[in-house]
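Chains: A, B, C and D, in written order; residue numbering restarts at 1 for each.
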Amino acid sequence: MTALRILLLIFLIICAVAVSFSKRLLVSIIIYMAFSLIMSILWMILESPDLAITEAAVGAGVTSILFFVMLKKIQSIQMDPDQEDES
Amino acid sequence: MSLIQNFPFFTIILSMFSGIISFILNGKAAKWLHLLMTAAVLVMSLVTLNWCMVNNVSYTFMMGHFPAPWGNEIRVGTLEALMAVFFALLMLLSVLGGIANLDRDVQDSKKNLFYSMLDLLMASLLALIYTNDLFTAYVFIEICTLTACGLIMIQKSGRNYVSAIRYMIMSQIGSGLFLIGLSMLYSVTGHLLMTPASEALAQLAKSGSFDVPLEVILILMTVGLAVKSGLYPFHTWIPDSYGYTTPTSSAILSSLVSKGYIFLLIKLFYRTLDFNGLENGKLLDILFVLGIVGMIMGSVDAIREDNLRRMTAYSSVAQIGYIFMGIGLGTTAGVEAALFHMVSHGAMKALLFVCIPDLVDVSGGRADRAGLTGAARRNRFAGFAFTVGAMSMVGIPLLTGFVSKYLFAAAATGALRTKMLTAWIALAISTTLNCVYFLRVVLAIYTPAPEKEALAEGAAHSPVERTAMAGLIALNFALGVASPPVVWAIRSGLSMFS
Amino acid sequence: MSRPNPSYEGSRRQKFMQWLKGEYDPSEGKLETTEPDTSLFTDSEYHEIHLYLRNEYADNEEHFRRGVRKHLTRIQKLYRLMAVITAIFMTVLLLWAVSYEPSYGDPNAPENNEVATRYIEHGLAETGAINIVAGMILDYRAFDTFGESCVLFVALCCVLILLRVDADEEAGSHAREAMFDRHFEPKNDIILQRMCRVLVPAIVIFGIYVVLNGHLSPGGGFSGGAIIGTGLILYLTAFGFANTERFMTEKVARLFSVAALTFYCFAKSYSFYTGANHLPSVISTGTPGAILSAGLIVYLNICVGIVVACTMYSFYVLFRKGGY
Amino acid sequence: MGSSIYTNYEEIAAVLLFVIGFLNLLIQPNLVKKIIGLDVMDAAIYLFLAAKGYIAGRTAPIVTDGILSADHYINPIPAGLVLTGIVVSVSVSAVMMALTICLYREYRTLDLDEILVMLQEQETAQLQRIQRDEREGRSA
């Protein structure tokens, strides 16, 4: 169990570092999703099922969806021809 | 338990409830609800204050069916009630004082959301004042941060978005530090309520275990709250956030929000982290030094700034420095002076922020000194209000700024010799610098500028705003002339605070 | 404007005054400006030349931009350096503190004191909740949790202020937002729609199960609400606004949130008031294990669930289109 | 250094994650990464708290088989605090995301440093325009 714990913790740190160094934002967000899932497994190991279910629903679910929709929105603003002419 | 003792709880719930209900009201109804709610909070807090002063006790109020180490609780005393009175009063006057500007700056369809935020801000400030539980404090700090962010960006413009996001970043760092300190505190004491935690801490200090975590906890929590209240090296978000939003927001942000965090810090020092034990540590010295640096550098930055609202915002940095300097003196008198200055700075800054837009309006929208020339001749009332606020900031007798400077100087005599001299010198320098930048503006606005007379014609005069400004002027004079009862209330409140 | 004293230009005093006034000269250090020989010109001519030169430089966008950028980069470098130093200092400080903390999994750690013991040993009798965490956050420490719901509510208000497109917005914003939204609309994707017919009811029912069993099993209002919200979002992505607006409009979301929060507010006020004044409370804890047990907890969980589901769905919709 | 450093892996990881998140929040110019940094920072604190609540060999605080002994369950308080905290961090990140969209709409970039440069430019240009107008007004 200790080995698994340490492995998961190392994954967490790798994810956190990878977020800051990845070039594309979409990749960072997917890595953040993975971060949340690992976190939720860790909380299961730490005997806190309440937290695990919340983190899985919120961190990996809703927050990531919000991130995706934000990126999409930004892309659609970018593609908007009207605004390009104005600026 | 008498009905009056329930009033603090009623004020918190009432303001939260009006915040929730405002969400489905229209803008006008939400405005009236907000004004009525603040007035009700003011009256109830006054009654509580009276009750506490007559009975000269402080009491705890259980939030639920379970007593101290298990359930949440709030604690009420003279000092808390006094702060609640002033916070409600300043909130009411700031909103009334900027009401015409609010109508102009805030979109009609979003007015109800704005008032909803104001209600919840009031609730969170009241909860920060009264709470006796560390985690409740954290949750309400977050409400306070988010509502403050909402107040900054209510006037939609790119500049306000930038200041809002900078504010959020700094505040989240502060909250993060506070929360990790809180987790460590919980892990070594096992309590979240302030009083049991302090008992556990006293035992730990006796047994000598966990000395290192305790020191780190102290540093983390203090730095967290200092970042959030804008102590000098962490002040970079202040001028932008205060400088460009609607005047009510600026007034509330500078006179209430940052004060709420400082009050919580003082409460932590007194109730949990053992203020008297702190005197031996280095932390108060660091706060003292940062306060002094803030007093001087804030004023220097204010001198360099030409835009009037940003200048006033920089002067807030200096005033926060005064408050931390008072806490850093390490004596009860210093904390009393800091508490009085929290009130008096609130009164002065609310007045300044509320009257500046009127001066700018009669100068064709220009906020720099050259553009404001003669503004006081075009709008005499606002000019007078600005002069009173500026004189108070400088520390002219009969006004509240003088009393707080006097209290700081008097408190310094009781401190260590080096601190005493440093405090006096810093007070002298800071006052001189205050004089420079405020009197410069006062002179500019009274300099005749006949070619600009035409600008005065289009400016609107709102009687409500004038009444509110008159109220703030009166408050400045009242706190200056009749300060002894307030100081006495602070003193007696502080004696039953811990 | 009088002619400046030649010896004043470039002197320390002038630099100090410039610094004091916060003036920033964008062409500083870039251009060699020679003062025109004053003996050749009359006073007014000199003034004109002076004005012309200054205007030229002020309008020179490229110079100006580079100057500002250089100035800001200098500040940013310093700022980054400070941030890294702070971070290193903080790592050392925190690790130092952690090394003296109670060790992992230690049953004798100070936080396992009478508070936690009472929550476990009397929690079932006093709150009626089998899930002790739910009993703790919704009964023992209910004020925090009410504050937490309010945080979510405040966040919703902030996002509404920022992103909702109203009638009084500048003309054309509605049309523009609708056009942006076309990038999201699925082109009636048959696979997605078939999958959603199966998945969405399952997700929503699971969410409702998590909410209703908050006091009996892991989960509760918040996680269940988030699950329901995700289900609604999935439905919206598959079938588009035309279908969701049949049952989920802004008005519905707003009324549900406010009703839930109002109920929460009143229920908790009642319990705080009776608790503090030592009055008997009419709320009974019921039989442990039944769905309708644990006093107010199950109702509060439902309220939190509604608020969270509506808020999450609203966030998504506002981010996408700025309104319903 | 104390002895707990050899056993508290979760806490050490939490400290490292906290600092990584802190640095991301402060020195990443990109707003999206700043927000992720903020979330990482908060998650680190929650990991710290949850690890504090764990007791070796005990089960989750959900009453099973009617056992009501404190020796059987882990500490429920950290879990409750973290549950509250997660909600707060979601709310904060949602607000920051909304702000990011607005900033992008206004300035067409996600780089906060770039935005600050633009603001400074606007401000200085405005100031110079005012000063120029004044000079011309006076000389005329």
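What we mean here is this: a residue touches a chain if its C-beta (ideal position, glycine included) is under 8 Å from a C-beta of that chain, and two chains touch if they have at least 3 such contacts.
In this text the structure is predicted, and so the values were computed from the model without any measurement.
Asker: Of all chains present, which has the mean Cα position farthest from that of chain A?
Answerer: Relative to chain A, the chain with the farthest C-alpha centre is B.
Asker: For the pairs A-D and B-C, output the one whose chains share more C-beta pairs in contact.
Answerer: Pair with the higher count of C-beta contacts: B-C.
Asker: Taking each chain's centre as the mean of its CA atoms, how far is chain A from chain D in angstrom?
Answerer: A distance of 13 Å separates the two centres.
Asker: Just the number, please: Cα centre separation of chain A and chain B in whole Å.
Answerer: That gives a centre separation of 37 Å.
Asker: Take the average of all CA coordinates in chain B, do the same for chain D, and state the distance between these two points in whole angstrom.
Answerer: That pair's centroid distance is 25 Å.
Asker: Could you list which residues of chain C touch at least two other chains?
Answerer: Correct list: 94, 96, 99-102, 109, 111-112, 115-116, 119, 131, 133, 141, 144, 148, 151, 154-155, 158, 162, 218, 220, 222, 315, 319.
Asker: Provide the list of chain A residues touching at least two other chains, using ranges where the numbers run on.
Answerer: As it turns out, chain A has residues touching two or more other chains at 49-50, 54, 58, 62, 66, 70, 73, 77.
Asker: So which bits of chain D are touching at least two other chains?
Answerer: Residues 2, 9-10, 16, 18, 21-23, 26, 51-54, 58, 60, 62, 77-79, 83-84, 86-88, 90-92, 94-95, 97, 99-102, 116 of chain D each touch two or more of the other chains.
Asker: Mind giving me all the chain pairs that touch?
Answerer: Once each pair is checked, the touching ones are A-C, A-D, B-C, B-D, C-D.
Asker: Quick check on the complex: what are the chain B residues that touch chain D?
Answerer: It is residues 135, 139, 142, 145-146, 149, 153, 156, 158-159, 161-162, 164-165, 168-169, 172-173, 176, 179-180, 183, 186-187, 192, 212, 366, 368, 370-371 of chain B that touch chain D.
Asker: Which of the residues in chain B end up touching chain C in this complex?
Answerer: Touch list, chain B to chain C: 1, 6, 9, 13, 16-17, 19-21, 23-24, 61-66, 69-72, 107-110, 113-114, 116-117, 120, 123, 127, 133, 135-136, 139-140, 142-143, 146-147, 149-150, 153-154, 156, 180, 184, 186-191, 200, 204, 210-213, 216-217, 219, 303-306.
Asker: Residues of chain D touching chain A in their complex?
Answerer: My answer: residues 9-10, 13, 16-17, 20-21, 23-24, 28, 30, 32-33, 35-37, 39-40, 43, 46-47, 50-51, 53-54, 58-60, 62, 74, 78-79, 82-83, 86-87, 90, 93-94, 97, 100-101, 104-105, 108, 110.
Asker: If we count contacts the way the header does, which residues on chain C are in touch with chain A in the complex?
Answerer: Those residues of chain C that touch chain A are 131, 133-134, 176, 179-181, 183-184, 210, 218-220, 222-223, 226-227, 229-230, 233, 312, 315-316, 319-320.
Asker: Given the complex with chain B, which residues does chain D contribute to the contact?
Answerer: For chain D paired with chain B, touching residues are 2, 18, 21-22, 25-26, 31, 34, 38, 41-42, 45, 48-49, 52, 77-78, 81, 84-85, 88, 91-92, 95-96, 99-100, 102-103, 106-107, 112, 115-116, 119, 127, 130, 134.
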